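Here chain A shows up in two complexes: once beside chain B, once beside chain C.
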Partner chain A sequence: MALSTHTTTTGFLLPSIHSQAAFFTQQVHPGSLLTQTDAWITLILKYARHRRLFTIRVEDCEAPGNEWHEVLRNERINRKLLPSYLSYILNRMVSDKVAAYEPPKQDRSVLIYWRLPEEWAEILHEWVTSTGNLNTIMTFYEITDPPIETQLSGLPLPLLRQAIVILSKTNRAQIIAIAEGEGVRFFQSTGKT
Partner chain B sequence: MALQRFTNSVDGTIPIQALIYNDEELFTSQDGVGIYDGSQKSPEHQSGTVHVTNQRLFYIDASKSARKSFSLSLAHVSKTEHYSGLFTSSAKVTLYLESQSQSQSQSEEGGWECEVCAYRNPPGKSLSAARICGLCGVPRSLSSVPTPTLTPKQNNSSSTSIDNPLFPISSASSALPVSSIACPACTFLNHPSMRTCEMCSTELPRLATRPATPSAGPGPRMDNNEDNSNSMIKLSFRKGGDKPFYVALKRCLKGRAWDSVPGSMSPSSAADGVRLAGILHTVESTAQSQTTHMSSALQDLDALMVKARDMVALAADLNQRLTSSTSASASASSPALISSSTAESEPEEATFIRSSLSQLGLQMENAPVTLDMMKDERRWVEELAKELAGILQSQSQSQRGLMSTRPILSLDEVWGGWNRARGVALLPPSTLLQVLPHLPAYTDPPIHMRTLSSGLMVLHTPEYGREAFAERVKGLLTGTGRGKGGGVMSTTEIARYLQGMTIGLVLEMMSVVEGDGEVCRDDARSVIDERREGEAELGGMVVLGEVKWAVNVFRGWVWDGEA
Partner chain C sequence: MHRLNGVGLAGLDRHSESTRSYAALSSSLSQSQIRHLESQLTIRADANFRHKFTQMCGSIGVDPLAGPRKGGWWAELMPGFGDWQYELGVQVVDVCVSTREKNGGMMELAEVVRLVTEEDIIRCIKTLQPLGAGYQIVDLGDGRKMVRSVPKELDSDQAVILALARQPGKFGKITEEELVEEKGWTRQRAKGALENMLIRDGLCWHYDRVYWVTSAMQWD
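Our next item is the complex of A and B:
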């Protein structure tokens, strides 16, 4: 079968190696395995950004019809990723710090950092500044589900919390306990970071 | 006289072992014995050997053994006396004889036929044993017939009479009409010596003129009117040995072997209750004795193994002594420059002893391998390598070499094939391993050995070497004309393309190629729909659940998907 890229129905350009049957089997040779796993991690990160997906679970490769369907299965060559190998890939992602187990202390599901928490922190601060919400107390819900869709829409709370923690370390944010739960107040950047 | 009445003469030139019956047992023998018939010396029997069995007493005369020897059944002995001798009178044993059970003693020398199982009991049994059928254990009935034998006289008469060759007996009866016996059942005229009808085995009526048969008419042959002194004999022991003889004789008499049935049968069942149970019992006791023999043999083996340990210890001791002596002689000879011949001869002997020890499998670990041994062994191994090369690569039409059709062989096949070709002087696997490094020098193309990932060792021609095989597999996988497979082949398919290799061997080889990163695998478990997979393989052999191989697609691959 010719090696060729493929565009999915959601407009994602799959790499040519996705059409290789061997791509779906965990390789034994260490060199091959490294290349293969790197390709998988890149593919997952890129697809997650494409679809704005924040989590992937080991179970996603087993049941068809979820949002990872296009990547973890290839109906054209009749292959699917095995859970054992996906589990291995997720482990690699966590140790490469491009993902984190969420919830913690298990290894079946990860939060994907297709943007690193530091990047999210910068985006969050820029957004708050541009919308003139500095020095006001905002709830998490106001950030992740604003009336007008932003880059931060649908951001999972753990990721948001991490971004705020990063900001608070440079004194640009402060978590405040409010009546409905938690709130956050953003400050003007001191310029020094 | 007692001697005449009670004894039967035997041919003393026959060894005593041949004279006794099958179930008879020889207890003791004594030479230098003279016989007294009654109270008088019997002049005929003054120097001979006396043997006592559990049934009979034999006297074998020293000078004229053929004529003067006799046997005496112990059944006649009623009483014994021992006289230890005085001055010139030698020790004597007196046997008082009684003429009882005469009828039994008269029983036929020939065989007889059992009326229950029709087994023809052979002659050569003692009197008591002859009373019972040797096959079924049924006592002999009075009516059972001795195996009939026709006298040659009868045959002659039939040949002279009017010839009716089909019925010689009837013609014989016509020649002797008076004495013929008509069978009451079939009216066949039997010869007067017959006791049963020759045609239908019906018992014949006895002729009045005929003397009573021994079995029919028991009773003493002679009148028992002689005085006591006549029915006794004395054994005079001129050379001593009377006491052990007398003890043995008493024991024989006490045993009364002539009354009991032979074998392992109990006296109570001796009369009639033996039959099948007796046979089974015999089989059982035979098996038991075999077990006993076996266990004693195994004990011997154990003892041998204990001795073997001693031998190993001895060999170790010998070896150590040799080592010390050679080192001593070497140190002594080198500075003094003694004649070199003695200095060299000693290590040679030592080498010989050591190599003998090692051939016995008793080589010690601390024994240094000398150059002589090395030379011998190397030559031997090289010869073996030549032989093995011939077996592997023989080009003759009649006997193709093992590897002429199959370029790769596992070592077990090689070893088996080699030993089969040798037939004798089989070699252990360790020797095969020793020979293998020498093999490439004698083979063309050179045959090498390689060890696969599982530890399996194979012999292969150059094209099955590590790199060469990987290249071949790559060529096979990328080869054109593979159709829909698209450069993916299962192990089975590869095995089909590479002739003469088993699937297991291909799997081993492929895992080596994979370890080199030349191919990558496609596990059947990652297939979504097995039925569709089967369709994709139409025309080829479909083995579901098998690992497939492809050329390594990851090598040198760069990301070409979504930016």
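Our next item is the complex of A and C:
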């Protein structure tokens, strides 16, 4: 009966609030709702980082057995998040700039920024530099699906594209048309940012 | 002072010159004050003495911890805020210095919090009253006290609910039935009080007809 933390099968430590029945009900008082939604956003970002998940959909709280199952539901207290509240949470995440609707022009699915695009841009540039790939043309595939797993493995294309755009603003990357579609060339940091 | 400075580059130079001297003077003053303060505090003073000490510092415009500058925007807007910070600061110094022999100068934060006594906290909260944000100690009547930080009056029914929800085994959970059975309230009274706390005051969360008082909820 007492609220306590819980370690899931994937090794994620759920906070005590997750075993609070009311946590799954969208609260009416604006102050309560703000606090509650903040707690949900923190939880979603932490879990996404833990499992390297990049997408969450409103539908994820309905279909059982998906990758968000153990966060969006608590079977020990027989509660689950309702689609209407998850939709509200995703909207808040987008306005807080910790997520973006992807694809754009719909509001059922978001790309989660458990690292901001700016942070991905730096990680990308450091990786390219450390692997000696500066000034060579790379395909997007070579970055997101390298033979040996890296921090960038599995990075969704829209996020990769955003990171490259950020780097190109400081003249550290340039998108180039190549035979297979699109490629990118990275340059050394000029020191002028 | 501005009129004495004159205009042009020379005036600007003179101005920054005097700013520098003031800064040097103020830092040497604060350093000697800190040394003085430290020697005072090695004799463990009681809460009452500390209070008098900070009051005295305040009245002569001395900042005992060389903390936030006096007379700034905050001080003007919220008289009493500076005092509160000094008071808390002095208490922390006091606790740290008086236990230094035992812990070698390293102290767990939770231990500091424990040693700054309830009495000190109550006094601090009283000095926060000019903020007008509702800071007040609410006595639940069963030996427990809560700190209120919302500018709302807590009516007596709400106090009863808070006390009941915090009883061992309840974990913040409360229902209309419990209030009817355990407190002999009518159902309307119970419903009204709970709904006020839920919708008007944001003092509890709900799931169906079950309410949880947020001050008793566990988050982490």
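Going forward, the second predicted complex is superposed on the first by the 193 of 193 C-alpha atoms of A that agree within 3 Å, B and C clash if a C-alpha of one lies under 4 Å from a C-alpha of the other, contacts with A are read in each partner's own complex, and residues count from 1 in each chain.
Operating definition for what follows: contacts are C-beta pairs under 8 Å (C-beta built on N, C-alpha and C of every residue); 3 or more make two chains touch, one makes a residue touch a chain.
Treat the numbers as computed from the prediction; the structure is a model and nothing was measured.
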A:39 touches, of chain B and chain C: first, second, both or neither? both
Which superposed partner A:91 touches (first chain B, second chain C, both, neither): neither
Touched partner set for A:170, first chain B, second chain C, both or neither: neither
Contacts of A:129 with chain B and chain C, given as first, second, both or neither: neither
Touched partner set for A:81, first chain B, second chain C, both or neither: first
Touching partner for A:12 - first (chain B), second (chain C), both, neither: first
Which superposed partner A:73 touches (first chain B, second chain C, both, neither): first
Most chain A residues touched (candidates chain B, chain C): B
Residues of chain A contacting chain B in one complex and chain C in the other: 1, 3, 5, 15-17, 20-25, 27-29, 31-32, 35-36, 39, 79
Chain A-touching residues of chain B, taken from the complex the two chains share: 486, 488, 511, 514-517, 520-523, 525-529, 532-533, 536, 548, 550, 552-555, 557, 559-563
Residue ranges of chain A touching chain B (in the complex, touch as defined): 1, 3, 5, 12-18, 20-29, 31-32, 35-36, 39, 42-43, 46-47, 50, 73, 75, 78-82
Interface residues, chain C side, partner chain A - complex: 169, 171, 198-202, 204-208, 210, 212, 214, 217-220
Chain C contact footprint on chain A (complex, rising order): 1-5, 15-17, 20-25, 27-32, 35-36, 39, 79
